[in-house]
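Chains here go by letter, A, B, C and D, matching the order in which they are written, and residues are numbered from 1 within each.
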Amino acid sequence: MLNTRLSGIIPPIVTPLLTHDELDREGLERLLTRVIDAGCSGVFILGSTGEAPALSSRLRLEMIQATAEIVRGKVTLLVGITDSSVEEAIQLGSAAIDAKADALVTSSPFYFRLSQSDLLRHAEMLTRELSIPLFLYNMPGLTKLVYEPDTVAKASEIAGIAGFKDSSGDLIYLQRVLRLVRGKPNFSVFIGPEELLAHAVLMGADGGVNGGANLFPELYVALFRAAKERRIDDLQDLERQVLELSEAIYRVGDPSTSYLRGLKAALSLQNICSDLPAAPMVPLSVEERAGIERWLTRQSA
Amino acid sequence: MLNTRLSGIIPPIVTPLLTHDELDREGLERLLTRVIDAGCSGVFILGSTGEAPALSSRLRLEMIQATAEIVRGKVTLLVGITDSSVEEAIQLGSAAIDAKADALVTSSPFYFRLSQSDLLRHAEMLTRELSIPLFLYNMPGLTKLVYEPDTVAKASEIAGIAGFKDSSGDLIYLQRVLRLVRGKPNFSVFIGPEELLAHAVLMGADGGVNGGANLFPELYVALFRAAKERRIDDLQDLERQVLELSEAIYRVGDPSTSYLRGLKAALSLQNICSDLPAAPMVPLSVEERAGIERWLTRQSA
Amino acid sequence: MLNTRLSGIIPPIVTPLLTHDELDREGLERLLTRVIDAGCSGVFILGSTGEAPALSSRLRLEMIQATAEIVRGKVTLLVGITDSSVEEAIQLGSAAIDAKADALVTSSPFYFRLSQSDLLRHAEMLTRELSIPLFLYNMPGLTKLVYEPDTVAKASEIAGIAGFKDSSGDLIYLQRVLRLVRGKPNFSVFIGPEELLAHAVLMGADGGVNGGANLFPELYVALFRAAKERRIDDLQDLERQVLELSEAIYRVGDPSTSYLRGLKAALSLQNICSDLPAAPMVPLSVEERAGIERWLTRQSA
Amino acid sequence: MLNTRLSGIIPPIVTPLLTHDELDREGLERLLTRVIDAGCSGVFILGSTGEAPALSSRLRLEMIQATAEIVRGKVTLLVGITDSSVEEAIQLGSAAIDAKADALVTSSPFYFRLSQSDLLRHAEMLTRELSIPLFLYNMPGLTKLVYEPDTVAKASEIAGIAGFKDSSGDLIYLQRVLRLVRGKPNFSVFIGPEELLAHAVLMGADGGVNGGANLFPELYVALFRAAKERRIDDLQDLERQVLELSEAIYRVGDPSTSYLRGLKAALSLQNICSDLPAAPMVPLSVEERAGIERWLTRQSA
């Protein structure tokens, strides 16, 4: 169980699939090993990048157990329990605790248009039932709901709430949140979109949960450190690389799901795992994949 | 299993709860009995009004079995299997088939921003695995995704897809869909928002899946018939009553979930079932509930 | 000046252009003559279909004068004065009064995100300065602002506010408005989207301000009468024709402005006026235009 | 006329009003004098903060002339010509040229939902008619339209387009734009939201057009310099002050227009100019104003 303040790069691990309900365990091992070796401070499974809401409960449990066995305490293990049902989230959280996860992560339930007091009550229900630290995860683009800064501040007072991850892409929002929770020694704040990692750290965030760290974990670790150590030339150079990757891999084909499908295509081209996304999505087309291949080849040249 | 074209009023049944994971079976029986006695042609459980995405899988299975036992073939039984995971939807659908449901209903998966071809593939995956008729359910306000009219037309060609329910509230959209599927003898179209029921029927829709029919099923059956039989004076009079109900019950308190919480409050005031909504929502406040009580009293006076 | 309750079809007249700042006066005369001869009860110039916000003040004044000369009291003349500046709207309204317009029409100012009390104050400022009846025009898709039903009800109490036009496309909204203003003898309500004309009339609306009436005014007059006289078979048949027109002409090419550009292309193919839209828009492409031509030819065959 | 690359702080000057169509010329002089004395490199009038779309054409011309007389070449003068009509924008631009403005600024027309090629054509039409440098201004929250990064890149190739201002609040978007226009020696990029100023500068932007610089110009000049000189401790300290101001002044009362009304309230409390916003808006309430007064008093203590 987590008992220090988290910081650094914690990749939101993709869920490697053999078929739509079958885990690619070998791919997962290659992926986790690389990420851990690169200096990431933790791994976060079953988030949006992990496609968790599209997976069966059974597969999510398998993913928790497989990851726990591979990670074995080498780094912090965070497990996403986001679900449209509170009860299902509690069951998933219990399984994660049994598997020795260090902390849990939840976004808001994502079907109904809940109020801010519903969101707070949701966090309280989960912390009451689940005995390890819980992070809240702001992902309005997919959940339709935003944790207002005041709600984050109130949540940070709940025993058991250990931090916050923001994937809104809105740095004014993140500043407003940081202003309210700054100074709480046991509450850490992470940023999702990797293009904003360095600036969030300069604003006082503790680190990043960045999808690209599945692919090039060293790059994100280096960018985090450059920001932390205020090496601005390095920061600008590394940030440019992050943006290049983002343009080359996350914006290929249908824009609605190109981030996920591009990331898995690139991992497959690196021989890490299959490019199969969760159903009903399909891999990038041959042409789209070839474009990513050319870009990756140029990078390693 | 459904083998005729559906029509008429099919209430989207609320899920009566004792606690957040405990079914109010007696309440359910009272509710279903009343609805069936009033002349509804079917019941649809585990839709949005049934709060299905917020319920545990276990409770959803219990709801299917309890409803099947109570309904016992008296009217058509439709079961919602909407889930963010295709695999979970298939498992729910199999349970519904085992319980002798007549048809299944699904909206799109509701976490990722899927493409139209993803939506079509989703429908195909479900019909391949599940052997009874499947209705598609357009609910963009909650799923963030719309079935484009062309997608509905393509889906109507898939064996196993038996119809479409639209809860967009957009009658131009519904007209565009009806224009494309008109003339398919085994494809029926229903409307969700009850304020639009009569006009959808005049446009050619087959009936309504209207939340208020939990409360006053006769009113909706009468409105459907007035529209079907083109009794415009009656239609206008009944439509006015529907709008009054909608203003009095669905727009009380926090607007985001007032429809669900108002409907359950009114059912509780009619001694049908508890007013507890699915977690993390809470019942209306005492004052809000008192306002609904006053309105209901005036109606019965 | 208008002194009876308005009803029937009042086409939102397109502004025929020779160049981006030059009125096609002959085209305007052909257009107005046809519309008046077809039995429309009025004409509404300088609305959204009239592209007014994209025209210079000078051209708007010319359009008012030219229309007033051609119409000469044969039908009711409504003039749009919508502007992002209240002062500019007042100046335009004064010019319309000088030209003997019967009534004015305004949507909300459309740059800032104003509150409901701002919208009400806006209506009051205009009626205080302008001595002829004023209609409010709800067009949230372009103005970003909606007149809440309560705001419409309050506005209907202001001396000088004579009616309301709704182009939201949301018939639940329209019903809620009608419920609040029903029974006010001097307040009329019109619907914008022509696909919904008949149903709005069945709900109690007084008529339609429908773009397609520039092209086929008889069709809309006939549909209005069928709804008014409750001839449902005729209504359904005519409504189907309206939908066909809408699919064939308003959904060609770039969807954002296809309505305007398609309508002007069709008018040009009927030799009424030029197909030039207001700057910076351009006419449909040759291929897009040819598709409309084929459809029009089939109609007249 | 501008012939060097712009940088630094260029406040978007509020338009001080005595009545809704009367300029507060003395207030304007006090405001401009303070801003110029504080080291701002230019002033930008008739932008969103200048409430230009809500002002009459006459008042906009008066504002141009009054500002030009007061500024008299001491700093760069940029004039906003944003209008829903291209022709009106051209007339305004010609007047600005006559008054010796250094550059013009335009956002997209803001009524119709234009395409990217319409936006590019709009920029070309303006540069063809207006002989001084033109900046494009991305303000999707109010115009509903975004200049896609590719469109900005294409626009940067048009002779006469001298730069870009982004008020989207989306730093990923800004990075994507900067990546495409980096290296063009005569194309400068500015950021609107002041909370993001320092980070935009670290990303390569040339400066800020920040509303708060009407109130505390020295603060924004200092923050710009800290970012430019990479003094991160100073940057963090000053950024915190900017955020405090933003929370205290821009988020008081009705959120839709609280930025404008709060800014004018604070300027009035500083005895710079009246707190009257453009019609149909009204000043903050007495209580809301008192809250801002208390905050300002604490700052100067």
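Note that a contact is a pair of C-beta atoms (placed from the backbone, for glycine too) under 8 Å apart; a residue touches a chain by one contact, two chains touch by 3 or more.
For clarity, every value in this text was computed on a predicted model and none was experimentally measured.
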{"item": "Chains contacting each of chain A and chain D, listed by label", "value": "none"}
{"item": "Distance from the mean Cα position of chain C to that of chain B, given in whole angstrom", "value": "36"}
{"item": "Intercentroid distance (Cα basis), chain C paired with chain A, Å", "value": "50"}
{"item": "Residues of chain B touching at least two other chains", "value": "none"}
{"item": "Chain contact graph, described as a line, ring, star, complete graph or other shape", "value": "ring"}
{"item": "Residues of chain D that touch chain A when the two form their complex", "value": "169-172, 175-176, 179, 193, 195-196, 199, 202-204, 230, 232, 235-236, 239-240, 243, 246-247"}
{"item": "Touching residues (chain side chain A, partner chain B) in the complex", "value": "20-21, 48, 51, 53-59, 84-88, 91, 109-115, 118-119, 121-122, 125, 141-144, 254, 256-257, 260, 278-282"}
